[in-house]
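Below you'll find a set of structures to go through.
One chain, subunit A, appears in both complexes that follow, with subunit B as partner in the first and subunit C in the second.
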Partner chain A sequence: MSFLLGTVLLAVVTAMACALPGVFVVLRRNSMLVDAISHAVLPGIVVGYFFTRSLDSPLLILGAALAGLVVVLGSEYLSRTGLLTGDAPQGLIFPALFSAGVIMVTLNFANVHLDTHAVLVGDLNLAAFHQLQIGGVLAGPSYLYVMLAVLVVNGVFLAVCYRRLKISTFDPGFARSLGLRPGALNTAFMFLVSVTVTAAFHAAGAILVIALVVVPPATAYLLTGRLPMMIGLTLAIAAGGALAGFWLAYLADAATSAGMAVFYGLVFAAVFTATRLRQRLRARRESAPAAAA
Partner chain B sequence: MTPAEFFADHTFRMVLFGTSVIGLVAGALGSFAYLRKQSLISDVISHAALPGTLGAFLFTVLVLGADGRSMIALLTGAVLVGTISVLFANHVARVSKIRIDTAMAITLTIFFGAGMLLMRIITDRPFPGKGGIQDYLFGNASVITYADLVTSIGVGGLALVLMVVFWKEFALRTFDADHASVLGFGARTIDALMFGTIVIATIIGLKAVGLVLMVAFVVTPPAAARQWTRTLPGMVTLSGLIGAAGSGIGAYLSIVLGDVPTGPLIVLTLFGFFVLSVLLAPGRSIVTRALERARARRRLKAELSAP
Partner chain C sequence: MPLADDGGPAARVTNLSVAYRTTPVLRRVDLDVPRGVVMGVVGPNGAGKSSLIKAMLGLVPPLAGEVEFFGRPLAKVRRRVGYMPQSATVDWDFPTTVRDVVTMGTYGGLGWFRRPGRPEHERAEEAMAQTGIDALAGRQIGELSGGQRQRVFLARALVQAPDLYFMDEPFQGVDAKSQQAIVAVLHLLREQGRTVVIVHHDLATVRDYCDHVTLLNQRVIASGPVAEAFTKEHIRSAYEVAAGDDFLEFTA
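Then we have the complex of A and B:
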């Protein structure tokens, strides 16, 4: 497999792995939590490195995902105390965790050499650098298989918990009365989001991760009101956007992650404008006969 | 290090005063973002300010041919694009079925992505005066100059004056939006002004603190202040004071301790203020509530067991 093809595949698989849970993130109004998780991951990586001593260890992803979960559960706890309003709980914990991470890096805790800038921006080409060799044959970037595994885990979780997730997303009260324990389900789901964000982080960087999780589902949500349709559209937009965005960034010689994030944004803006225009035309058509009569 | 030695050093003074001004303005104006239940808008603003800052840099260097480090030019670009990002996020949430959290996340990623594209263009080419442009990502408090301090006092002061002048309108719009509309106050105009002041509060700290951590300056002091007071003037004042004190203490500690970066240490100090407030504030905190509940339980038990 050529280097370019491997990198493109990595982009597509990462996009789909992120967008799939993103559907429920958007529907459950947790979009800004992804931003919070992606920043909180930094101290998790540093502490994880302290124990594993390897930046490629899968344990590192789990450790960092736990740090993401601290943000999720911590902000939910703060909301439940009733002492804070609005989205403030989400904004309180992640800067503190990120600060702790930055301080640990500068104090050289665990001797980890992390470029905070690289963590924030990410680089697909760098993540695709390690090639997997099977029996002397190059089988593409090894990180491609990590992201494939994440995609499969996400797919299986959503397939198994589809009905429960659906009910607890649209009618939490009903879910509770059925004995479905929406709290436990939410924790499991957010942990999976956290794992996905952490894994994708290495390939895409913080900005593109948020774009991948939130923008394709939001675009699909503009186009349809039905959940199965929304999931299908989300995957199509995620994959198509990754292909087109990657090529455009490649041709324009621009920063890959940032270019792809902007491309997804442009797709959203185009769909947003189109649906607005359609709404307006329909409103005019409906009001025209009424005015004539 | 003695306080006398500390204040004798120009850089230390600039760091201390500079961050305290940032903390004061961001804390005071953050109260309105908190009460509007849209604290995270400051995270969107700080990320969206990046393309604004870099665009202004390119504009001053390429079109005006002036020094790209002019604080006023960079601030203007940041305020302009920051305000556009707020208007865009609120517009998307108002006219479509996309909700505000998703609208904010989308806005953040589009604008920040555009900023990183510009960043690559600037770092790849030999523009004069591009040194230090990277500081806007993570901030660098030790580069606060006397001119920067004067600018942030001027711009932050302007935002505070706006807040005082439009105090009644801001308060009415925050607590009873419908009543404000009925009385004939233009909702859009007040919102634009209010979010404009929040934009200023967010961007004056970018160079010193960085865009990732700026959200903490806007969110944390109001959340701490809210636990101690029930009035709007009390909350705004206390929040500003907590912001200023937390920033001052954090900056002082970072200099005394040596190698610890200033921004993150201030954020941890502010977070400490918040944790203390939410645990111990009289009237409405976790510990006071637990004590009250225990007292009530004892009283009930005593009443039930009394003959």
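Then we have the complex of A and C:
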């Protein structure tokens, strides 16, 4: 596999792995929680590196994802106490964790080599640098297989828990009255989001992961009123946007994640404008006969 | 379903107290819901009507007290108890259809891996016909009126086919046509020997819809057949209004 093809595939698989759980993140109105998670996992990554000495290690990813879960459960706990309102709890927890990570990186703890630029927006080309060899044949970046595994895990989780996720997102009270446990499901789901965000960290960094998770499903949400359709469109937009964004970044010699995020933003803006125009046209058409009468 | 239970009340609440954070909402509530009745839970705003049924269903944690359904704890008889939340508590922009929401009533019996099959879909169609929303089956739920939304929720509760229904303000924001449709279903359920508990806020219609009533204001003021419990004195005491106030004309 050529380096270019491997890197393109990595971009597409990463985008799809992030966008798939993003569907429920958007429907649960937890979009900014993803941002909090993607910052909070930094100290987890540094500490994980201390033990595993490899940034691709699944152990590091799982360990660092626990740090993301600290934000989720911690801010839920703080909200429940009723002493803080809105999303203030998130804002209290993740900067502290992220800063701890930044200080650890600065102090060269564990000799982890992460420069500020990579922490912020990731570096897909660097992530794709380590190639997997099978029987002397280059099989593409080994990181591609990590993201592929994350995509498969996300797909299986969504397939198995689809109805439970749907019902506990739409109507948690009813779900609980059925004896389902939306709280436990939420924790499992947010852990998976955290794993995904951690795994995508090399590709998109702390700041741009949220674009990969949230923008494709938010765009799909404007286009359809059916959940299965929304999931399909989300995957299509994620994959298409990854290809286009990769090409954009390639031409501009910019960070791939930035190219992808910009392209997603453009697609969203276009869909949003079209939706607004259609709404306005329909409103005018409906009011026109009434005005004439 | 043939029942091996004690033949006692559909629900029995003993010494139930509930607080939200530090504010007490319900104090030492004792209540029996007899079988085969439509019971209205009535009281002023903040009386704890919704909290009562939520606490009974384990949706808010009680400070103290016990609740039994058909003589057993909820976990053992969950399939026999249905719940219709207030429609304002859910996200009506959620990307789904009327048919899909109604089918959610079958999820409790499906477990992890079984998908709703033909019997589940037939039950959903039947419930939509019964509540008069079959023509809306393919609609996105955000397009519905308030009354239609309540009927979607009612249909979902019917699909559960429980012996005891809890409905939180089923007449909230409902037009006359939907109101009639809902009342017809309530009375049909009673004829079938089911038990229905509704949180209700319109005193004028209590006599038409309910045969038992519980007047609530943080504690139970009165509970029993409408003729005995729904008296002027009890209503005054629940609503904390002075004698001579003419807002109670219709109860005479």
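Keep this in mind: the second predicted complex is superposed on the first by the 282 of 293 C-alpha atoms of A that agree within 3 Å, B and C clash if a C-alpha of one lies under 4 Å from a C-alpha of the other, contacts with A are read in each partner's own complex, and residues count from 1 in each chain.
Keep this in mind: a residue touches a chain if its C-beta (ideal position, glycine included) is under 8 Å from a C-beta of that chain, and two chains touch if they have at least 3 such contacts.
Only a predicted model underlies this, so the values are computations on that prediction, with no experimental measurement involved.
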Touching partner for A:V41 - first (subunit B), second (subunit C), both, neither: neither
Partner with the higher number of touched subunit A residues, subunit C or subunit B: B
Touching partner for A:R176 - first (subunit B), second (subunit C), both, neither: second
Subunit B versus subunit C as contact partner of A:V146, first or second or both or neither: neither
Subunit B versus subunit C as contact partner of A:L227, first or second or both or neither: second
Partner chain(s) touched by A:F98 [first = subunit B, second = subunit C, both, neither]: first
Which of subunit B and subunit C A:K166 touches, first, second, both or neither: second
Touched partner set for A:V267, first subunit B, second subunit C, both or neither: neither
Contact residues common to both interfaces of subunit A (with subunit B and with subunit C): 221
In the complex with subunit B, residue positions of subunit A that touch it: 26, 29-32, 34-35, 39, 78, 81, 83-88, 90-92, 95-96, 98-100, 102-103, 106-107, 116-117, 120-121, 207-208, 210-211, 214-215, 218, 221-222, 254-255, 257-262, 264-266, 268-269, 272, 275-276
List of subunit B residues in touch with subunit A within their complex: 34-40, 42-43, 92, 95-99, 101-102, 104-106, 108-110, 112-117, 119-120, 134, 137-138, 212-213, 215-216, 218-220, 222-223, 226-227, 259-261, 263-265, 267-268, 271, 274, 278, 284-286
Subunit C-facing residues of subunit A, complex: 27, 82, 160, 163-164, 166-167, 169-171, 173-174, 176-180, 221, 224-227, 229-230
Contact set on subunit C toward subunit A in their complex: 21, 54, 57-59, 75, 78, 81-83, 85, 89-91, 94-97, 100-101, 104, 107-108, 110, 112-113, 115, 140, 142, 156
